[in-house]
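What follows is a set of structures to go through.
Okay, so subunit A shows up in both of these, paired with subunit B first and subunit C after.
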Partner chain A sequence: MNDQEIAFWAELVNKGTNNAMNNLSQMVGQDIQVTSFGLRQIPVAETSQLMGGADVEAIGIYLTVSGSADGHIMLMYDPRMAYGFVDLLMGQPEGTTEALGEMESSALGELGNIMGSSFLNALADATGLTLMPSPPHVMTDMAGALLDIIAADILQTQDDAFVAEATYQAPGRNISGMFFVIPTQNLLQVLLDTRTAA
Partner chain B sequence: MTVQSATQRTDVVLGLGQMRVTNEAETTLVCLGLGSCVAVCAYDPIAKVAGMAHVVLPASSNGAEAHPKFADAAIPIIIEQMQELGALKVRMVVKIAGGAQMVGNNSTIGVMNIGDRNVEAVTDAVRQHGLKLQAADTGGNHGRTARFLVGSGTVLVSQAGGASHEL
Partner chain C sequence: MATVLVVDDSSFMRMRCVSTVKELGYDTVEAGDGAEAIQTYKDQKPAAVLMDITMPGTDGLQALKEIMAFDGNARVAMVTAMGQQSMVMEAMKSGAKDFVVKPFEPDRVKAALTKLLA
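Let's turn to the complex of A and B:
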């Protein structure tokens, strides 16, 4: 990517992330704050380190992107942080949730739905493309195992992954999470092509 | 009084698509957090030469260079490098772990049933090259970590939050 393309990609991710956080804030009735934001190009072999270690236990909410092109969206949480978000979503006191049952998984799935569709809507609005999220998969496992889903797809066509990451927190409660968007080369190209077409 | 052993174990962690062949007895080869990926652990128990690959995809696509990220390429590369360290093919045994279906079989994106296909491709390649598949802990919908102790050929497999068991 050249500088203009990086700037365009950054602008899109920024719009998407802001829209996702705004809608999440409305959903939980709290001002969710973005604490960090980054665009990275990393070897796919290192994607399993995105959570700080491939064998770290994590809760992942995974959605695929389809439509004009394919991509991946993954929300990842330390399990205790995910339980904190469940409490927030379900209007319960902090510390109520201690494991994921059907109800709790479904709440986290809704969280993934809101963030994934808000992010993609903002990108679609900005580019005129059709980008649709799949239903969310909520999984608890080693971070590397969860990220394998994405790595295997990306590695089919390229050695590097373009990762957009945002961390966020709920100020009233001590909870935070990570939001990753990883486009396929094809999706990135389709997005970048709309810049020259405009 | 007990005398502490002066030797220290060294972990060598293999990222996706990486492989390592070694005869350093104190080394442990490690694949952390395997989902659909497969850890291939090949061993010659007499020469005490070990080879591990972190396989990500079943087969190299047309024209792609042979790389250990592909099951069909990883096996011959491991065999060749182990032979260079004095291992004999007739003695090589293989243990594998991983190949889970993390999102079930209804994913609509590119890599359908990738875990199952990885296991199948590794198993086929092992057989094709005349090696013995000694043990396997594969499939399911949970991640695994595999540790391969070079000195003994022992392979330990663990799941998230679980104790490890010997393969």
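Let's turn to the complex of A and C:
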């Protein structure tokens, strides 16, 4: 990507992230703050390290993107942080959730659905494209294994991954999470083409 | 008492939505995907439907079209996180009477139901 394309992609990701965080704040009734935000181009093989280590246990909420082009969205949490978000969503005292049952998984899935959809809605509004999320999949595994789901798909068509990542926290509850958007080369190109078409 | 069909693949969201609908004094029936929604509509003829879009298998837009084909007077509102303009237009063209974007305030769902059941 040249500098102008990077700036355009950054602007889109910024809009998407803001929309996702605003709607997460509304959903959990807490002011969610973004503590770090970044764009990176890394070899696909290194995506398994995005959460700080491949062997860290994590809870992931995974959505695929379809419509005008394809991509991947993954929310990742340290399990204790995920339980904290479940407590917020279900209006329970902090520390109530200690494992994921059907209702807890459903609450986390809906959190992923709303954040992923909000991100895509902002991109669609800005570009005129249609970008649809899949139903969310909530999984518990090593962080590397979760991120390998994405790597296995995009490695078929590209060597590098263009990762948009945001870390956020709910200060009132001392809980945080990570939000990754990894477009396929095709999705990135379709998005960038809307800039030249405008 | 009128019955409202609440359709969402998320049991958590169905619980929230059902609670809001019951506060208004309506009975509820539930469906977890589009195919179940179509069958439940045909079996129970609810007075109104609150329907998610993003669901596995038959999605909410397909289910909306099939319900409208079965009953042209069906009163359906979409309740979804997919607030993109193309989605709103397709839902409205297909017969939806309202479009509520998640996350919703309970009052917004109440307003949609009041409109549907007027």
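The working rule: the second predicted complex is superposed on the first by the 198 of 198 C-alpha atoms of A that agree within 3 Å, B and C clash if a C-alpha of one lies under 4 Å from a C-alpha of the other, contacts with A are read in each partner's own complex, and residues count from 1 in each chain.
Definition applied: a residue touches a chain if its C-beta (ideal position, glycine included) is under 8 Å from a C-beta of that chain, and two chains touch if they have at least 3 such contacts.
No experiment lies behind these values; they were computed from the predicted model shown.
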Exercise for review: Applying the touch criterion given at the start, work out whether A:155 contacts subunit B, subunit C, both or neither, answering first, second, both or neither.
Suggested key: first
Point to revise | Partner chain in contact with A:34 - subunit B first, subunit C second, else both or neither | key: neither
Point to revise | Most subunit A residues touched (candidates subunit B, subunit C) | key: B
Check your understanding: Just subunit B (first), just subunit C (second), both, or neither: which does A:46 touch?
Key -> first
Exercise for review: Would you check which partner chain A:118 touches, where first means subunit B only, second means subunit C only, and both and neither mean what they say?
Suggested key: second
Check your understanding: Can A:142 be said to touch subunit B (first), subunit C (second), both, or neither?
Key -> first
Exercise for review: Could you look at A:126 and tell me whether it touches subunit B, subunit C, both or neither (first, second, both, neither)?
Suggested key: neither
Check your understanding: Looking at the overlay, does A:134 come into contact with subunit B only (first), subunit C only (second), both, or neither?
Key -> both
Review point. So, A:10: does it touch subunit B (first), subunit C (second), both, or neither?
Key: neither
Point to revise | subunit B and subunit C footprints on subunit A, overlapping residues | key: 134
Point to revise | subunit B residues within the subunit A interface of the complex | key: 13, 15-18, 32-37, 56-57, 61, 69, 100, 102-104, 107-111, 114, 142-145, 159-161
Point to revise | Parts of subunit A lying in touch with subunit C, wherever the complex brings them together | key: 23, 26-27, 89-90, 102-103, 106-107, 109-110, 113-114, 116-118, 120-121, 124-125, 130-135
Point to revise | Interfacial residue positions of subunit C with respect to subunit A in the complex | key: 9-13, 15, 54-56, 80-87, 102-103
Check your understanding: In their complex, what parts of subunit A are in touch with subunit B?
Key -> 43-48, 53-57, 62, 64, 66, 70, 72, 134, 137, 139-149, 151-153, 155-156, 184
